Each structure stands twice: as structure tokens, then as C-alpha cells.
């Protein structure tokens, strides 16, 4: 089945991207591609089952929400990391109050 | 019609692979982000092809909508987005990656091919009448595996707390051009967002839909209205209602999970006969919290206690 | 096959060329402004025809209403998007082609 | 509704409810955390008693039995780790409360971390474990980043490593689900066959967990994260979070993946463990900061835990099992105590550079006492918990005649002695008054000291430990 | 009729794939954003047709959500991402006009 192969290819692309990408934003994108590949595998497998299996669908829905949350935290961390030091200190000061 | 399906799948797979490659391996951060957004869009089509309309709905709302907004606004906030040189390091490790990646791919596909995937379809079908809903996915999410969902809503709340703990909201870079169309767009579309998410919430018990897509659509609506220049009525203040709304879904599920124990039920076991009602109430609370969390994630920091002046950034 | 079915199918078919024309414009037109112009109109006409055709084909009022709503939403999004992109591009000093 | 169910529900529900209250009403945060800590220590102790009296406990969440629903399962191992979590969680919270830092978000994050750990030790469902791992990582990342400055890159690396780890883990889970149509560990263990998909799934899940446990070649993220985080957070991360990943590894390799044991996999784990001991020990020897030294020591100490896997199949299995678990428990107590003590010392001195930090008594006597006691347990001086653990593990290895692992244990102990002697050298210096303004409350050092006492006292509770960790109280049994 | 629709779905997907060339070539951020907007229109059309081919009404809801959220990406782009990107992208945009005016 094409989608199983697709999941595999996406997984490898995401893994490679995660390890070799220079920019951190791209690492976040790679992680997202990676998790999309896993979700794809789960759902493609669910389709083979008879009757259609709802558990992987629910699992993937949970996984999507979890991965969005992680992505959001990673993005904010990334933005804080990329600020020039001066700016970062200002942010830190604000944090206290 | 078999060949049509095959060609469709092949094209879709090729496009997805190409987009994934674009998103992770080619120069130009903006191009990567756009590629990833389109990747999400096409993933929604892939879910449809795999008979997973629930996931397609969530992907359309969260993947293509909210993640796109998150990525784009983060991109705008990155100060040092200049990328020098190649997007990835030297190619010397290609000698490692081509065989290693190929082997992994081969193993994975072979293993996946061999799987009998017995699945739990029958068990879900059998237990469905007791779950209080007709949509099997909703039944799994909010009844059979409700603990997962509790933790998942916890993750959303946690992400919002984590982001707030990282500091104050960065000043938004206001749109360079104040277009009169923008506020009008916000006013026009906001009722639609409310309507559609209410519809999805209601659909959830018997058809694809439910708290997740509904909350995501509502959250996207909130983001859009903020972008359109609306003053958020929620503040980061301790006394404001936002913290409560953020925790509402999580608190409701926890209260229920622990509350049924007072009735002599085990943890998270719905009293018989009330399951349908409980699931509906949980969906409502969860949907609201999901929407609130998405807006909080979008704002990328603890919002100010008072919006006047501080947040406008001008 | 009833007449409305046939008519619906025909309308859907009729909508297709607009999509291709839009893509052609997207690929061949020289700058962002002209591409904007190509896309904002043709694609939505195409989608409108598809929606209309499918509404006829379905023969249900409710579905028809939903299809109409989808089309209107896409129209709003595309109009607002095109306006915003064009306006912002102009303000940012991106020169239109030929000027 | 049984007592077990109530206790488990309390362990999961109370910290999460506390997290909500601490978030919505920051004023109440400290007091609610104190209440939660008390309740959870009591619940963990109650659950342990219940396990001792009635054996392995199993409950279905929501009344849905596996494979449809999620199961909770408590045996001697998970009870021990729940107790450890409660002790470290309470001590860390107390330390933080006495520090009186103005960071209201610390409390909900701390309680989330605690709740996720409890779920982890209770759950017997592979996907539920995934979600719990994600909650754990996100809370940990936010807590690390709280230190600001140099902790941000450390938090970033930690986030990336743990997201990668969980995705790889989830891929393995997906394969297992496709193969057996179940997510419950016990059900999978019953059905497991040694075919390619299962082997690949085992490899992927193990890889993901090794990344999270920071086992030797995959430890790159740990030292900076643990070395830069606030003291209480470092304590929890080093003592319990790493132990959680180790716990899952052991749990999975004992029950479902036990079928793959013997094909040299155990040896591989043992070699990884030995390498971790040596490498972590070497790097701990060259660190310039106290906290970094202790962080690298975590990499080194978890090598001992991994030695359990090559020894599991043989005649010394029960001894090795008991030894490894006691090492992990006493390491948790000692390491948390070390981090709390060093945190106090660093605060009073304004830094934690090894070459400039003052000797015994600078910044109060109590943290130094804690440091000495914890170091003694870590090294394995009799009669501490660390000694008991190493002794049992060594006896297990001797009983099997596994000389390689005997050598590894001795070598690891040697390295521990070597880097801990650097602490000793600091100890003998004259005390210094730090440049600090506003002395931290002397109470700050108390939680760390209590933990150090517990680490040593573990050696006196051997009969109880022996019973708790007897093979009868291992879910799925010893292989 | 569904066979005809199926062919149309394929053509629309092909349309997207061909349009990807614009994402590749850019050159300005606005061009890429436009292309992505075009894709959501096509994806909506595909979903509508699939809803009829597969006789699966939920797909209409998916299309509805896509249509509703189509505006979000563009507005975020104009409102947030472009403001900082622009200073860098405008140079390349000018560069492209000379390149592309052949």
C-alpha cells in the first residue's frame, strides 16, 4: 500500500532533517513531518483492519493536539532564543514583575 | 476506477514527499513554512483517502489553520532569520544517511507490510451502545480512553502555562498597512466561526466532529479577530477569567473523573445511563478550553494585565 | 440520470477550466500583482460553478445551502487575502510589473 | 470501588487538580502544593503497603478492560518509584518554597511534572505512557527554561531530544498495535512473537527510551539541562525523570520484549551501561562546575541500572534485580539531595565553580552535611542504600559468573570514587563567606538533608525492600 | 457520473501539483502565499467532489472548515510574518522582476 511507503519516506526525511538542518525552525518542521509520518502509519494500518478501527483514529487525534502543543512551546522557545542578548535581558526583567 | 485511485494516491504521495523535503531541506525559511502549511492541507486529503474524516477535520482546523498561524507569526517574530549558506550541513554525511535511511525505510515498510493489523474495530462496535454516543471515534476519545484525552487537554493547558512562564507576550509587529478590510473581515467572519464550531460540536456525538475540531475552529476564529485588530477581552491578570477558561476543560474532566468516585464508581467510570449527557458536557468544556489554549499559544507569552496601550506596541 | 443531475455535472465540468486557467496565470504571469489578479477571480468562479453544479446534483436544500456557504467563505477569504496582499505589497514598495 | 482504585486515582488526580488551582489562584500555589505533597506521600505509602499485603494490583480505568480501555498496574517496582517520586517531589517543593523566589508559574508546572510521573508509574498502556511522557517533557522543559539565560539553549536541546524520543517511541507503539491490536503491556507480553515487526518495534521503543534516559551515546542533552536548571528542577530531573525512562525500559524488557533477550541484546545493554559509567565518570572528572559534575554523574550512575538487563535471565536474576532497583532508588534520593545542597551552596556563594567555591560550612553547615551523606550513599559506603544496591548487584553478577559485569561494577564504583573525591577536596578548604546579600533561609537546606538521610537510611530498611522487590511482586514475573 | 467526478478530482490534484512550481520559484513571499491560497481553493473543490464520489457528507464539513480557515493564513502572513520578512524579501522581489521580465 502506497501510504505505508509514504509514511516510511516521510519518517526518513523528517529524521534526516532533524539531524542535519541548521536553522532551528527547520528542526521544528522536521519534527512535525516525523510525527505526521507516524500518524499516517497508524491510520493506514487502521484501514487494513476489518471493520474500520476507530482506536488509531482517536490516538492520532490525541497525537495531533499533543504535537501542536509541543510545536507551540518550541516556537516560543525559539523566538526567545533568537532575540539579541539585550532584548533577552529586558524580557527576563519583565518576567520578574 | 482502480487506476484512478492509484494515480491519485501516487500524485498525492509524491506531492507530500516533495513538500516535506521543501519544508525541511531547502533554503528560504518562508518557503519552508509555506511548504509545511501546504503539506498540512494535502495531509487532510490523505486522511480523507484513508477513511479518517475525523482526522481530516482536525488536520484542516489544527494542521492547516492553527499551526500555520503559529508558524507564520513565529517567523515574523524571529529576529535573526538570516540563513547563511546551505540549509543543511556539509554533504559528507551522505555516505551515512543514504544507506542508513534506505535501510530504515526498507525495514519499516517491510515490517508494516507484514502487519496483520487485527485492530479493535469489533470491540469498539460492541461497546458503542454503552458509550452514549454513536460516533466511534468520539466514544474512544471521551469514554473508552478518556484518560488519554484528559492528559491531552492537560498538555494544551500545560503548553499555555509553559509559554506564559517563558515571559511576557512579545510586542506584536502590527500590520504595516492598516487596511479597512481587516476589521470588517473580522466582524464578518467571527459569527461564522462561532456557528461552525457550534455545529461541529453538535455533530460530534453521531458523526465526525466534536470538541477538537470545534475548539480548533473557535481558536482560529479568536486568532483571526485578534489579527483583525480586535481588543482581546481576556487578560493575563490573575483576576481575569482567562485562567479559568483555559483550565475549564481540564478541570471539568478531572472533576468528573474524581467525582464519579463519590458515587461509588471507579475512577473515570461514567454512571450508566448518563454517559451521553456527560460526554456532551465534557465536549463543551473541552472545546472552550481548546479554543482558549490555541489563542494563548498564538500570543506566545503571558498577556498583559491591561491591554490598553501596552499591547498595541505603538 | 435526471436532467438536474446532468445539468449539475455539466456545471461542475464547466468549472474545471477556470481552475486550470488560474494555475496557468499563477505560473505564467510576470509578477505578484498580475498573479493576484489571475487567481482571485478565476479560481472562485471555478469553485462557484462546482458548488452550483454539486448543489443541483445533490438535490438537497441543506447540502445546497452548505455548498453556498462554502463558496461564500472562500470568496470572502480570497477577496480579503488578495486585497491585503496587494495593498501591503504596494505599501512595502514592491513595484508592479511594467512600471 | 476498592482502596487501590482510590489511592491510584488520588495519585493521578490530586497533583493535576493542584496544578489547576496553583495556576488559577497563584496566591494559593505554595499552600496547595504543600497539601498535595502531603496527600501524595501518604497515598504512595498507602499504595506500597497495599502492594506488600496483597500483591500486584491491577485496575481498569473507567471500567473498560483492556484492550479497549486503559489499565493501571502497580507492583513492587512501581510502588518503589512512586515513593521516590513523592519524596523528591515533596523535598523539591519544600526547597523551592523556602527559597521564596518570585516565579508563580513554577508551582503548576511542578505539579504537572509530578502528576505525569505518577501516571507513568501507574499506567500499563503504551499510548497512555506516550501522552504521559509528553506531559513530562513539556513540564520539564518549561521548568528548565525558568532559570533563564544559558538555560534556554539547554531547554531547547532537551525539548528536541525528548520530542524525537517520543516520536520514535510512538512509531514502535504503532507497529506493535498493528501487529497485536492491543496497547496494554500485559496483553502484548502474552501475545508476543519474535518476528520482524515486533523486533523493529522493540528496537524503536528502546531507542526512544534510551534517548529519554540519556544512556551513553544519547546522553548529549542531559548535562547542560540538568546543570543549568533551577536546583529543585535538577533534583527532580536527575532523580526521577531519568529513572522513569529507565523504569519503562526495564518494564518492557522484562515482560513483552523479554522474548528477545538472549540474542545478545542483554549484552548490548550491559556494554552501553558500562560505557556510560566510564564516559560519564571521565567527563565528571573534568568539569569545572559543581552542578555539571553532578549532572555527569547521573549519566554515569544509570550505567549501573542498565547492567540489570544482561543479568536478568540467569541464576542471579533476583539479586541483580533487587540491587539495580535499590541503586536507582538510592541514587534518586542521593542525587536529589546533592542538587539541592549544591543549589543552596551556589546561591550563598554566587557561583558553583569548583576552583573557587568555599569549603565545608560556607553558606551553612547543613548543605555540606547533606553533600557528604549523599556522596557516601552514591559511592556505596556501608551501610547506605547505595552500598546495599551495589552489593546485591555485584552478588548477582558473581552468582552468574559474569566477570565482565563484575569488572564493570567495580570500574564504575572506582570512577564514582574518583569524581566524588573532587568534592572531598573542596570540602577540606576553609569556609568562605559569599558575596551574597540577604541570606537564604537556613531552612532551605533542610529538604536536601532529609533526602540524604533517607538515602543512607535506605540501607537500614533492607528487609522491607527485599520484600517489596521480591520476585512475587514483579508484574509479569522475573524472566 | 462519479467516474467523471473522479477524473476531475485527479485533474484538480494535478492542478495543485503543477502549481507547486510557484512555491518552488517564488520569488517573493507574496507569490508563495498566493499559491498556497490557490491550493486551498482547489483542495476545497476536491473535498466537495470526493464527498459526492464517496457519498460521505462529513467531507463537506472538512471543506467548510478549510474554507473558513483559508483567510487565517493570509491574514497572519500579512499581519505578522511579512512585516519582518519584507525588508529582506523586497530586495529579492526586485531582483526577480528583472529576472522574470523576459
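Worth pointing out:
First chain written, first letter: the chains are A, B, C, D and E, and each begins at residue 1.
The criterion applied here is as follows: contacts are C-beta pairs under 8 Å (C-beta built on N, C-alpha and C of every residue); 3 or more make two chains touch, one makes a residue touch a chain.
Source: prediction; values computed, not measured.
Listing every chain that touches subunit D and subunit E alike gives B. Fewest steps needed to get from subunit B to subunit C, stepping only to touching chains, is 1. Counted as hops between touching chains, the shortest connection from subunit C to subunit D is 2. Set against the C-alpha centre of subunit D, every other chain centre is closer than that of C. Central chain assignment: A. Criterion: smallest distance from chain C-alpha mean to the mean of all protein C-alpha atoms.
The interface with the largest number of contacting C-beta pairs joins chains A-B. Here the CA centre of subunit C is 11 Å from the CA centre of subunit E. Subunit A and subunit D have Cα centroids lying 26 Å from one another. Between the Cα centres of subunit B and subunit E there is a gap of 20 Å. Looking at subunit D, one finds that residues 68, 127, 131, 134, 138, 141-142, 145, 171, 175, 177-178, 181 touch two or more other chains. Multi-chain contact residues, meaning those touching two or more other chains, occur in subunit C at positions 73, 76, 80, 84, 88, 92. Listed for subunit B are residues 33, 54, 75, 77-79, 81, 108, 112, 115, 117-120, 124, 144-145, 148, 152, 155, 158-159, 162, 166, 175-177, 182, 185, 189, 192, each touching two or more other chains. Pairs of chains meeting the touch criterion: A-B, A-D, B-C, B-D, B-E, C-E.
Subunit A makes touch with subunit B in their complex at residues 2-18, 20-23, 25-26, 29-30, 32-33, 36, 39-41, 43-62, 64-66, 68-73, 75-80, 82-84, 87, 91-92, 94-95. Subunit D makes touch with subunit B in their complex at residues 1-2, 5-6, 8-9, 12-13, 16-17, 20, 23-27, 59-64, 67-70, 103, 105-106, 108-109, 112, 115-116, 119, 127-128, 131-132, 134-135, 138-139, 141-142, 145-146, 171, 175, 177-182, 195-197, 200-201.
Contact residues of subunit C toward subunit B in the complex are 73, 76, 80, 83-84, 87-88, 91-92.
In the complex of the two chains, the subunit A residues touching subunit D come out as 11, 18, 24, 27, 31, 34-35, 37-38, 41-42, 45, 48-49, 53, 55-56, 59, 62-63, 66, 69-70, 73-74, 77-78, 80-81, 88, 92, 95-96. Contacts from subunit E toward subunit C in the complex involve residues 1, 4-5, 8, 11-12, 15, 18-19, 21-22, 28, 30-31, 33-35, 37-38, 40-42, 44-45, 48-49, 52, 57, 60, 63-64, 67-68, 70-71, 74-75, 77-78, 82, 86, 90, 93-94, 96-97, 100-101.
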